[in-house]
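One chain, chain A, links the two complexes that follow: it is found with chain B in the first and with chain C in the second.
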Partner chain A sequence: MSSFFEHLQHIDRRWIYLVLAAVLIVSLIIGKPETPIVLDTVQHLYDAVDAAPAGPGDGKLILLETTFAANTLGESGLQTRAIVRHMMLSHKRFAVMAVDQQGAKLGPAIVNELAPYYGYEYGKDWISFGLQLGVTPFYKSFPKDIVGTVKTDSINHKPLGEYPIMRGINTIKEIPLLLEITASASVFLWLQLVQPATTPRLQIGYGCTGVMAAEAYPYLDSGQMVGMAPGLKGAADYEKMVDALEAKAVASKEIEKPYDPKTSSLSGMGQSARQLMFTQNNAHLVVIVFIILGNIGMLLARRRTRRAPKEDANG
Partner chain B sequence: MVNDAGSRPEPARQENETFWAITLLGLLALFVIAGAVINHYVTVDNKKYAELFTQWKVLLGVIATLGIFSILYKENPTYRFLEHIFIGLAVGFGVVATWVEILWPRWFIPMLPANMVKATDFHGVSEGQWWLFFALPIALLFYSVYFPRLAWMNRLLISTIIGYYAGYELAGFIGLLGPQITKSFKPPVTTYAPEGAATGANNFQFLGVYWHPFAIIFLVVLVCTLAFFIFSVEHRRRWISQPAIAGRYFIMITLGAIFGTTVMGRFSLVISRFQFLIEAVKDWWHLIFK
Partner chain C sequence: MNFWQQLHFNPIQNPVRFAIDLAIGTALFVGLMILFHRLTPRGKKYLIIACTFIAGLFTVAEFLLPTYQSVPAGVVAISVSNQTKSPQVLVVKGPGVQQNSGIIQPKKSGTVMLQNAVPASYTLYVQGKETQSGMKYTLIVTRSSGNEPAAEQPTPVTVTITAQGVRLSSLPKIQNFLTPFTQPVNDFLLYILVWTIGLGLISLTIVHGRRLLRRASGWHNSLAFFLAMLAMLVVGFASLEGQTGMAAMKNTYDALFYGLLVNLDAAVFALLAFYIASAAYRAFRVRTIEAALLMLAALIVMLGFVSFGVKLTNWIAPESPLAFFRIERLSSFVMNWLNMPGYRAVVIGVSVGALAMAMRIWLSLERGAFFSQES
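On to the complex of A and B.
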């Protein structure tokens, strides 16, 4: 028995990859949606979006920054989708921008996929500021003069002033909430250059990749960020709350049918975050099982090597 | 590439690599030509070719994904080839995107006179800013590094950029960490109930005062972790060495949490790729059998 566990310590890593791949494929095919326990940070983010005064009569809009590339669609893309669905269900007006070339295309692409479901109209309910240069002059001039800094939208290349959504939107005071969905350090420029200069302080909600989550907690504790959706888990938590909101909207016939992620043409976004969380959980379980087996093997091997000299000494 | 002596390349291996490089490049060229031909026939009315072109793109994605995953089995020429293609594409995309998204609309178009700007898709852009042209010779000073006699010009730009970032970082530091420093003053015991705080494990009354245990934990972790980084005092005496040891454990717990979330993040990325493969197979199954 012990030789079996000892063997597990020296197992070819390719077998581990094969087992993981099999688990991932089977889990993805099953595609069971998880019902996760919502993290406090995600709940705070959801509440901040809910409370933001960006409705049609408020004269303000939420700024959604989608600074990520195609390689993190599995995290950032799903967060963006959940948040945009929430904003559309709660009739918030918003602008999308990015400081990354791919993000400037992907953000509006996600919104465009969702807009027909919720009856959102470009220029009236949402607008795309497109790619902005993530450099100091932008962060200095944008808060003072949004229309003058961005000038034209990225879809029709028309002056921002021509769109109804931009009426009365001049400075950062008309942006009650910034939602920063990012796979890079772009949020720090807002924290460094814009937030300290705004009164009242600009509220920043954060959607980051799993890798970046642990380092963001000090910013939540200090109140610099109002909430955070970390990685796929954050997206799944947020989606759970949005699904509940959507079920109410369907029941009250506000919208025809719930959003179906299968209709998404974006790579890796054909399932909901909650379904993907099921796959993620199974993958974590496999890793945990391998770690436990490896450790049992190590302990048994250690016990055997300790016993061996005693047996030799006893003859 | 080199033999055991580390001096000369092995001819047989080099030949093998050249063969694979040429073969894979040839296959890729054929594949790209096929895609270009299909794309040529794609029109708004021609759904058949549009679907074919979509499937061509998916097939390319599947081949690239499986090729990159092949490194998990062992090092192979397909992986190396695709890795180089990926880096090349990323650089190419970056160059084109910089021109299309940044230099064209923000530098070149604003330099044009008003009548020429009107002829473009960019309406409402400021025009006639001819002085923006001088950004080009200034930026080209970076390349003076290749001419020893003129290399000093390169330093002018670099020193300006370093000076700019030094000032910027100093101002940014206060904006970024200032609120965290002020928030780190958390009183563990107060004579009053904090405004808006609910009664619970972190806020209860005992001996006539309000206790906040999380603030005590926070202070202990903060002080111990800072103690670990105090190198101006030798860690020989207990008052500094013991908190520093505890601080080391706290840092290790933090790094463990970061590693955990990193694993989670990496799994999300691989799940996204697997999902793409499964969706592609499902589509093909549907196309062939239904």
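On to the complex of A and C.
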């Protein structure tokens, strides 16, 4: 019996890997979409995008920063897709940029996949600023002179001034909302270097990986961030609201059909965030079960060792 | 931007001039590098101290110096509102503008146009009451990149003349004399970054080249490195616009980037899920009260972020007095009431420490790797 408790405490890691892999594969195949309860922080982010005056006649645009690499496409990529779909459905004009080499390609690639669905035209409805150097002088010069700092777009390599979307866009005052989708600490440079120097204060929305969420709460509390989509949960919550908005657009025949994530050619983005949430749920369940098993084994083994000396003493 | 800035920081359109400048720049760079290498350790140390101090001083001075207003180049319309009881004469002087002036009647508004304003400093003279006679105000017209088309519509600058003096309004106070240099400094950092990438490539080539030539342990990894590097370099350069067979090379580049790099990167990171599961199983043991508290907090947050966790307490109505015990609300409580103050305290402490560290680095009081080696 004691060997059983010992065994519960020291399960071979290969069994853990095998069980987790089996659960992940089966869950991915089933791919049942979840209907999550939306977090307050995600609702606030959605509302901020909705309220941003970046429509065709507003003379402003939303800045979407996609500073992540392929390793967090499952979280950051899905957040980006949900937010871009929302912006396209609500006819917001936006620019995409990144301070990460992979993000500078992945961000526009996600937008490019969505643009035909929602009739978005490059240079008129959205533009790509490409890769920017995420160092202090960039954050000092960009707010004062966007065209002079970025110079050319990253798709056609033409001067920004040649694009209709950039008419009247000179300074950070024409950016009503910055959406920072990141797997790094890049948002803190905006918070430290740009936001304090802007009047009215630059609104910052945050999309981060799950493990980074804890760091953002002080900034949400102080109002320096208007909302946050944490990890895959944030992407799924946001997607739930966008799906509802899209259903209305389809019903009113504004768009032909809802977006189908299966058409995505990007790694890890062939399923919706809500489908992948189902997989993540099951993976978490496996982790919790193993933790409980380990603790049961430890507690029972401890009780047994406490009893053993008494039994020995009694004879 | 003055002549000196124009000369050094504007894009050069003429290819011959560009080639000459490039050659001069390269020669200067190589010369400087040779010179620096010949310096004694003490000389190198003082050079590093001076460069670090100047770089830090630029950032600090640009941040702390008072700012003044600026407008984009092109046609500038200066709207003047005279709130005094006497006529006011407004005179504008600057590059390309002989003397633009206008008389603004008491309690009236008027406009003075500045045609073809170039990025430069202009001076406004306001004359009227004796106390304000000859009072000067500097108006900076800026546009960082030289190839910008002039604005079609006049950019308004509003000047309000009051008994107390002149006030420029409707424009943000955004710059001082150092601000126009922030973008060139940004470009300069970009060049340094590119150089460091080059240095990194050289260093990797030396290390892996040696290993490959000696057939040392793991030489096949070095071979994979060379193949991958060369493939991305060749295909990357060949897919640039204007190259022969650009379309085919662009497809190859996309196949390498999206088909290989992205998937490999994602796959390597995905392995973490297995390690985390194994590590959580081994680490989360309720051995002490502290460990129990840690596990409880982790469990609540984790369950609050997944749907099945939320379903566990779905039976508690959101309006019920027990609603606090719904798992998503408990999770929110842990994050907002327990995590946030603790993290905020840590951030404040770290920031104060970072400030002290920044001062030490700026003043070269911190013993870096170079100084440690040399001393």
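The rule we apply is simple: the second predicted complex is superposed on the first by the 309 of 315 C-alpha atoms of A that agree within 3 Å, B and C clash if a C-alpha of one lies under 4 Å from a C-alpha of the other, contacts with A are read in each partner's own complex, and residues count from 1 in each chain.
The rule is simple: a residue touches a chain if its C-beta (ideal position, glycine included) is under 8 Å from a C-beta of that chain, and two chains touch if they have at least 3 such contacts.
Keep in mind the model is a prediction, meaning the values are calculated, not measured.
Mind checking the superposed model to see whether chain B and chain C fit together on chain A or clash?
clash
Is A:F4 contacted by the first partner chain B, the second partner chain C, both or neither?
neither
Going by the contact rule set out at the top, does A:V287 touch chain B (first), chain C (second), both, or neither?
So A:V287 meets both chain B and chain C here.
Which holds for A:T171: it touches chain B only (first), chain C only (second), both, or neither?
The second partner, chain C, only.
So, A:Q271: does it touch chain B (first), chain C (second), both, or neither?
A:Q271 sits against chain B, while chain C stays out of touch.
In the superposed arrangement, does A:D40 touch chain B (first), chain C (second), both or neither?
Second partner only.
Let me test your reading of the model: by the given contact rule, A:Q101 touches which partner, first (chain B), second (chain C), both or neither?
first
What is the contact status of A:H157 with respect to chain B (first) and chain C (second): first, second, both, or neither?
both
Chain A residues touched by both chain B and chain C?
17, 21, 24, 71-74, 133, 136, 151, 157, 159, 161, 210, 213-215, 218, 221, 230-231, 233, 267-268, 280, 283-284, 287
Can you list the chain A residues touching chain C in their complex?
Counting only chain A, the residues touching chain C are 11, 13, 16-17, 20-21, 24, 34-37, 39-40, 69-74, 102, 105-106, 109, 133, 135-138, 140-141, 144-145, 147-149, 151, 157, 159, 161, 170-171, 173, 199, 210, 213-215, 217-218, 221, 230-231, 233, 265-268, 277-278, 280-281, 283-288, 290-291, 293-295, 298-299.
Considering only the defined contacts, which chain C positions touch chain A in the complex?
So the residues of chain C in touch with chain A come to 59, 62, 72, 142-145, 147-149, 172, 174-175, 179, 182-183, 185-186, 189-190, 193, 241, 257-258, 261-263, 265-266, 268-270, 273-274, 276-278, 280-282, 284-287, 295, 299, 302, 305-310, 328, 332, 335-336, 339-340, 343-344, 347.
What part of chain A is in contact with chain B in the complex they form?
Chain A reaches chain B through residues 14, 17, 21, 24-25, 28-29, 71-75, 101, 104, 130-131, 133, 136, 151-152, 157-162, 188, 191-193, 195-197, 209-215, 218-219, 221-224, 230-233, 267-268, 270-271, 276, 279-280, 283-284, 287.
Which residues of chain B touch chain A in their complex?
Going through chain B, the ones touching chain A are 61, 72-73, 93-94, 97-98, 101-102, 106, 121-126, 168, 171-176, 178-180, 182-183, 254, 257-258, 260-276, 278-279.
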